[in-house]
Amino acid sequence: MSDLRRDFPAFDRASGGSTPTAYLDSAATSQRPRQVLDAEREYLEHHLAPVHRGASAAVGHSTTLFEDARATVARFVGAGEREIVWTENATDAINMVSLGIADASAGLGGASARSLALEPGDEIVITEAEHHANLIPWQRLAAKTGARLRAVRVDGHGLWSIDDLAAELGDRTRIVAVAEVSNVTGYLAPVADVVSLAHARGARVVLDACQSVPHRPTDFGAMGVDFAAFSGHKMLGPNGIGVLYGREELLDVLPPARTGGSTITRVTLETAEFLPSPHRFEAGTQPVSQAVALAEAVRYLEAIGMDAIARHESELAARIVEGVSALPGVRIIGPGVGVERAGLVAVSVDGVHAHDVGQFLDEAGIIVRVGHHCAQPLHRALGITASTRASAHVYTTDDEVDRFVDALAGVRGFFGVSDAPAAAVIA
Amino acid sequence: MSGLSGLYQEIILDQARARHGDGPLDHADAEHHEFNPTCGDELTMRIRLDDSHARIAELAWQGDGCSISMASASTLAELATGRDVDEVRELIDGFRAMLRSQGQGEPDEELLGDAIAFHGVSKYVMRVKCAMLGWVALEACLTEAGSPTHPAVE
Amino acid sequence: MSDLRRDFPAFDRASGGSTPTAYLDSAATSQRPRQVLDAEREYLEHHLAPVHRGASAAVGHSTTLFEDARATVARFVGAGEREIVWTENATDAINMVSLGIADASAGLGGASARSLALEPGDEIVITEAEHHANLIPWQRLAAKTGARLRAVRVDGHGLWSIDDLAAELGDRTRIVAVAEVSNVTGYLAPVADVVSLAHARGARVVLDACQSVPHRPTDFGAMGVDFAAFSGHKMLGPNGIGVLYGREELLDVLPPARTGGSTITRVTLETAEFLPSPHRFEAGTQPVSQAVALAEAVRYLEAIGMDAIARHESELAARIVEGVSALPGVRIIGPGVGVERAGLVAVSVDGVHAHDVGQFLDEAGIIVRVGHHCAQPLHRALGITASTRASAHVYTTDDEVDRFVDALAGVRGFFGVSDAPAAAVIA
Amino acid sequence: MSGLSGLYQEIILDQARARHGDGPLDHADAEHHEFNPTCGDELTMRIRLDDSHARIAELAWQGDGCSISMASASTLAELATGRDVDEVRELIDGFRAMLRSQGQGEPDEELLGDAIAFHGVSKYVMRVKCAMLGWVALEACLTEAGSPTHPAVE
């Protein structure tokens, strides 16, 4: 995959010293290839016009590009076109579901939305490992409806088990919301089991697919999940666009959380009637240039092949796990050596705060993420406040992850918590 | 024919003025209201079937819209009144296929009759909905009236 | 202003015939200058990194660019930095207010949010001319809280009067939501009067500033409005970004409609505490490259001067109004000859549907907006379903609006509703 | 000094280990909790003023954080304990100004004492919050304790 690095202008970035910067924060946001940047610019320079409104040929052309982008993304994740809603980001997509269900529970959306409504005593099941984006919206929904939020606990590695999840499910379970891939542990959730357990209880499954869709083959239809969310900026696409997937029959009745122009059929001063999915959710001017660019990102990923990408990244993860597990005083969060995991590895360094680790690595030209990664409950369960995470994407190289491991080896020495000498990377 | 005169053929402008089938219909077997959210245009289609439920005995519509939508409803009224439900479903399928052709291919004049005048609309994506307004409404009426679904489904 | 057209790649667009396309749909979305496109690309190629999270210099730099963009936009509209929240678009910004107030009314946000809460019988006042984005969110808020929505009616030109607005206000009025500039009539609302009348009643003012901020000098602080909304894409900036303005003390207590990462201080499995404004509202990964580009759009507009832009556009509007008022069978919506208005003019052509007008103009190389412009109640009040709107921006020329008027002169002849001969523009 | 050794001067690493002032404080006149949402670090500052309310008699903090935040709290404890409230406010203002300097200018050693070791932090925007953690908490304590606001406001 080393050839494709040339597609990424960011990697030409002049770096201070002789070694180029190693960008190991793709789980936060990915770099973008020239093809994606060019596609957006091409649209903006030559095809920019409103969509879905007006009679002009320019509007028709712009509308076609916009809806073709939807079709491309839909195909990429095994969805129908009416099952793909543009949102601001993945967080927005999850909120679209939780807020819509809150509205349905309050009687908005009428009889057709009643099947989505929650009642006091109903239960929502999540895990302790969830990103705040897949936690706080459910807390708010519980607060609004009187439903109870139950969390599957994690073990000392930050992992949860399907048995524990099964034990949390009950007759009142209405929603099960989990990440397909944890953004801290790299754990791959057994989605098929989650779906069958949840559906057996009559509960709906909301999948946080932020860390999976950009990195491995996805078929929401085949998986049978009810809703799913992911973001453009983590899959070589633009900021400012996310995707809500939902089964058509659910999206057609879910009340729209945001309202405004383009979502309606007839509007009077007193009432508004909403269009079917996806347009009922897309209030106001949409991220059109971003949709066009996201479709290009999909084509770019597909040209490489999602299987090849998953393989590449799991090799990199294995390389990091192996390297780090030889380092004294460095603890790996998530699955250890030999266990399948996604291309991201978070570690905790005994006696050195993650911010200091991150600073040390930054000085060595290695960009990682330090902090709680929007997963405070998980970190609290592990007894730490923050960790250091390296994450990969298609463009990440063996050399980059080796540099990460090597630099990590010098951290404790520098901060004087072991006898190891400070690494040579320090100026 | 290219440009505006390809879209607004004389026959279309004539039909838009003629508004065949415009009016109320009592004792309808089915009624369907269609709304074009883009422009706010609306159209209500009503039909009465014959006793065997196999034939459209009467058809009438009321609505307000652009010349394309009004002309296509008028043309439809002429073509569908008195015809077998199955034939009309075939006609609607053919009309939809023509409008989705983006100006490609030759429309089937035998099947579509005067409706081939709307072939030019297929080059104008934003106007396809206008041309379909009455036809979609009629299709919904046929379904509502419980007539057997045509095998060549969409 | 004719020199600056060279800055806009869209105007190099190869047009079918000899005359270039006249883009008269800027009120829907504006074209973007090379400077704005380049600024976004520069960020994406050389500075792309997460913001506000991590310890690296790259994150620090990206964060600085992102927050500097906020400061630039804040200054542009007379706001403090903490008073500017990034949203998906203006529609999202208005929803952020209406949904936040709904949450406050349901007890979320606790005691500090109580001052924003509505009770059954409270009143929200809008006008019949509002865009659906400034209507439906208030309908929903009314439905959720038991508040009443009252609408100031328009006259036969689509205009409302400040006296009629005053008459709708009462002791129970809590919110007054109006557009500073109507996107159909081009009417300039007497905002100072609206604010003083509303504040005298203890009501808060929400200003839909979508059609004003991109076109004339704005100082929300001086105006005294409580909240305001506008979009990037109408002001030479990108899609996928909008702005909510709110007075700091209100934003600090308004419950966040969307929840997720980056909005919080401490999160447990049971609860989350939210940051002050603006970060409490910015859930998930933000439109960072879009913010950077929007700041560049602001600099571009400022370099021309907002006063000069307003003058330019009001001259263009006067030119259209004058030209159109001479045409038989063409009715101007909004203020007539000699009355100050914004640079957009909608017309209704007797006997010809707006879609047909739009098609006719499109064939003449003139892109306008036809439809109800997301203002169905206004059109219904005027007894029409749709209208044809020409709208200008800094790059619009006299020649373009003249071509619009000339082509309009031929419409009725072509469609056979008068004896005028079809214009020569028809192929 | 450039790079890491400019940021993590020996004195800072020493202070981070020493944690002067780390511990509980009974009968505090003011207490303030600060939280850094970026990394989840937290710190609680407690102070007791003397009878005139013009001097910080005792100061203690408890918290968990990176070496920069711990070292700066430790340094602050050494500098502020026993000092006049007015002087301490001046010290905090000076420290904040230094941290906002982005590496520019020369810090005022007379005013800041050992705290000038944190000058290097000002080049690292993402770490300024860490260095300010204890200082912001102390500032809030002083306000809470009702001491007169220093005239040289921010």
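In order of appearance the chains are A, B, C and D, and numbering begins at 1 in each one.
One rule holds in what follows: a residue touches a chain if its C-beta (ideal position, glycine included) is under 8 Å from a C-beta of that chain, and two chains touch if they have at least 3 such contacts.
Just so it is clear, the model here is predicted, and its values are computed rather than measured.
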| item | value |
| --- | --- |
| Relative to subunit C, chain with the most remote C-alpha centre | D |
| Computed distance of Cα centres, subunit D from subunit A, in Å | 38 |
| Whole-Å separation of chain centres (CA-atom averages), subunit C against subunit D | 45 |
| Chain centre separation in whole Å, for subunit C relative to subunit A (CA means) | 31 |
| Subunit D residues counted as touching two or more neighbouring chains | 38, 40, 124, 127 |
| Junction residues of subunit C, two or more chains touched | 53-57, 59, 264, 266, 355, 359, 370-371, 376 |
| Chain contact topology (line, ring, star, complete or other) | other |
| Which chain pairs touch, all of them | A-B, A-C, A-D, B-C, C-D |
| Contact footprint of subunit D on subunit A as seen in their complex | 352-356, 359-360, 363, 370-372, 376, 379, 385-386, 414-416, 426-427 |
| Subunit C residues touching subunit D - in the complex, by the definition given at the top | 52-57, 59-61, 63-64, 264-266, 275 |
| Subunit C-facing residues of subunit D, complex | 35, 37-38, 40, 124-127 |
| Contacting residues of subunit C [partner subunit A, same complex] | 9-10, 13, 21, 25, 28-29, 31-32, 37, 41, 44-46, 48-50, 53-59, 87-92, 94-95, 99, 106, 108, 128, 131-133, 135-137, 139-140, 143-144, 149, 151, 231, 233, 238-242, 257-264, 266-272, 283-290, 355, 358-359, 361-362, 367-371, 374, 376-377, 380 |
| Contact set on subunit B toward subunit C in their complex | 2-5, 7-8, 13, 17, 38-42, 64-68, 124, 127, 130 |
